[in-house]
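Okay, so subunit A shows up in both of these, paired with subunit B first and subunit C after.
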Partner chain A sequence: MDILKKVKEILAEILDIDEEEIAPETYLIRDLNAESIDLLELAVALNSAFNIKINDDEIFLRNLRPYLTEAKEKQADEVAYLLGNFPFLTKDRITQILGDLQGGPVLKVKDLVSYVAWMGKTG
Partner chain B sequence: MKLEFSGSRALILGGSCDLAVCLAEAMIKVNLLPILTYRDENGYKKISNHLSSFAGKYETVYLDFADIASLDALFCKIKDDLDFMVDFAQGDIEGLIASANQDDISRYFEQNISFRAKILKKAGRAMLKKKRGRLVFISSSAAGKPNPGQGFYAAAKLASEALYKNLGLELGSRGITTVTLRPGYIDTGRGKAYMQGREKEVLRLVPTRKAITAKEVTDTVLFFLSKSAAGFNAVEIAMDGGLTAGKCLK
Partner chain C sequence: MDRRVVISGIGLITPLGIGVKETWTALCEGKSGIAGITRFDPSDFETKIAGEVKDFHPEDFLPKKEARRTETFIAYAIATARMAMEDSGFEINSSNADRVAVITGCGLGGLGCIEETTKLMEKRGPKRVSPFYIPMLLGNMAPGMVSIHLGAKGPNFSLTTACASGTHAIGEAFRIIKRGDADAAITGGVEAVITPTCIAGFNALKALSTRNDDPQKASRPFDRDRDGFVVAEGCGLFFIETLESALKRGAHIYAEICGYGLNSDGYHMTAPSPEGEGAARCMKMALDDAGIAYDQVDYINAHGTSTPLNDVYETMAIKSVFREKAYSIAISSTKSMTGHLLGAAGGVEAAFTALTIHDDIIPPTINLDNPAKECDLDYVPHTARKTKVEIAMTNSFGFGGTNATLMLKKYHD
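Up next is the complex of A and B:
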């Protein structure tokens, strides 16, 4: 199954927008104004569509900032620490996120795709 | 009034209590499929005996509020396919707050509040898949007006009411709604046991001077599950003959 295509289809339905408005680099909250109830619906829909367990905190990067605080407290490398907690993201993506924190919520469509692909492999 | 329903699969928590089996029978008569939970062999037998003439028209499933694995197994067994949920489940605890055993306090709240929140999470997500669902929580008049010794029971009921209310607030826009019913003295189950030998004295506190019957409760729950009651959401409704409306009459 084309994961991106399905994710776009689901997002379009939940947010009542055209699929053309959604790309891998689209921010869910900054660009699409997704609210917490939309993310909950999204988690349920992804669970149904791909038959995978969804951990809402992980897929929506909810604990990103607390993890960064923990990394600082432990004097750990931030990229490595986040990679350990979000194993479905690449090192490049984590680096990108760290440079993007000032702009607001960093979650992008491609992060959902990465999560689904990773869960599909690891179960 | 002929009641109509959106869906048919109704999970009944605390499925072996007197009210639950009466409700299940009433549900079967209006073509709903009750799925009753039981936590031990006695509960299973009670359900089977009461509904013996309705074989194939109801289901049973094991659920123990002290066993998280049983919750996962339940939703696995019903395949997240759920239209209604009616929650009668409530552990019993009586005692003065200042004399309670500390372990009992923790265990009681874990089972009767935290576990219930976990059920609501699962039920809410299952119902989101269908974008519809109705949940009815059976609370008690003791939630608002407890007697001495009912502090933990009342606290658990109030906390559970809050969970149900918020679920209705949060998911109402997605077609998932909740209602809490607060029955007063009922002439069945624990209510009957409580009134035994002091019925007159107890009912003197009730403006109507009557206990609520099991049929009145089940009829009301069925109504709340029906399309006719769609306007009720995130609300607590007293069904107590006026018991909690004013000062004691005596």
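Up next is the complex of A and C:
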């Protein structure tokens, strides 16, 4: 299954927007104005579409900033620490996120795709 | 504080049409809104007919994204409230918002959503349940969403008294304004439960008509051959306000609400008390509350469900309250045309009663071909009647033995 295509379809339906507005690099919250209740609905829809059981906190990168604080307290490497908590993201993506924290919520469409693909592999 | 309360806006969604004009015209022409069930496949059901609302598009009243997340009864309430507000010409703004109440009645809430979600969860597990499930099934999400959309920030609740819900809601809103907790209210009843378990449940109670081969003849209150009620759906809402407020803004007044009765049979889960004893006390209470003598009433919009028991007992109750006058009061059951809108019935029937007073036209009881021998009053059979109506009553009785009656009258200075 083309995961990106399906994710775009679901997002378009839930947020009532055109699929053309959605690309892998699109921010869910910054660009598409997704609200918390939209994300809840999105999780249910992704569960249903891909027959998986999503962990909401993981897929939506919910505790990203607390993890960073923890990493600092433990004097751990930030990238490695985040990678441990968000194993579906690549090292490159985490580095990108770390450079993007000032701009607001970092969640992008491609992160959802990574999560679904990772769930598919790990079962 | 003696505050008079008037009706200055009406909104209707019924099996006879979307809007007041559509519904009221069809009603006065004696048309039936009953047809075969399309909401689900009724093949296995004893009853295969209902009063469904046709051609309702929630997107006409709500943003598309929200329409998808809104259960039908809530969408009906928002749409109907918009109609009533538009009709009233009242503008809710920051200076009056907390003085506008939204009080609605609803018998069953989001039953359809409960059925669908239960099936989904059994099949695919709890992780598939929508975050909108709970907000979609709560009865009070109807007045809640109305207040969110229209900005009404006064008292806000939904009450549940089965088929009397709409009438109780209007009565309570009337009281809330009378006692000064608000100056205006959007109020009435809403229901949308043409669903498999609803039909099966009422069938199990033997409460529904099974005249599947002739749907338009199925709801026949007071007729010898009646065999139960027909489930219907929709919404009827008023915009009501103090007379002072209506006069100040030069509002069009349909009628005045002048009395409210409410009580209980204390008798049986589903059957009315013998000879309509509870209903009679309720009507008497409403008359007393209005300070109106029994011989002043021109019209009664009956509960008139088309069930064997209700129609006989309601007739007996009317006779006991109105004595010799009972035979000369015009009575009709608009359920003969709309079917039984359950929790919305009181809302739409109060609207019909207000329109009767406003237009001096009494809608008929259709299908009354052979009145049952115990039903010997003037039920305005078959065709509407043009006649002056000063004072009218509307009745609603619900399972659990709960009763509600409203008194409406023509507005005079």
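List of remarks:
Here, the second predicted complex is superposed on the first by the 123 of 123 C-alpha atoms of A that agree within 3 Å, B and C clash if a C-alpha of one lies under 4 Å from a C-alpha of the other, contacts with A are read in each partner's own complex, and residues count from 1 in each chain.
Keep this in mind: a contact is a pair of C-beta atoms (placed from the backbone, for glycine too) under 8 Å apart; a residue touches a chain by one contact, two chains touch by 3 or more.
These figures come from a predicted structure and were not determined experimentally.
Residue contacts after overlaying the shared chain place A:K121 against neither subunit B nor subunit C. Between subunit B and subunit C, the partner in contact with more residues of subunit A is C. By the touch criterion defined above, A:I37 lies against subunit B and subunit C together after alignment on the C-alpha atoms of chain A.
By the touch criterion defined above, A:S48 reaches both subunit B and subunit C. In the superposition on chain A, A:D16 contacts subunit C only, with no contact to subunit B.
When the two complexes are laid over each other on chain A, subunit A has residues 37, 40-41, 44, 47-48 in contact with both subunit B and subunit C. Across the interface of their complex, subunit C is touched by residues 13-16, 37, 40-41, 44, 47-48, 53-54 of subunit A. The touching residues of subunit A, when paired with subunit B in their complex, are 37, 40-41, 43-45, 47-48. Across the complex, subunit B meets subunit A through its residues 125, 128-129, 170-171, 173-174.
Subunit C contributes residues 63-65, 68-69, 124, 127-132 to its touches with subunit A in the complex.
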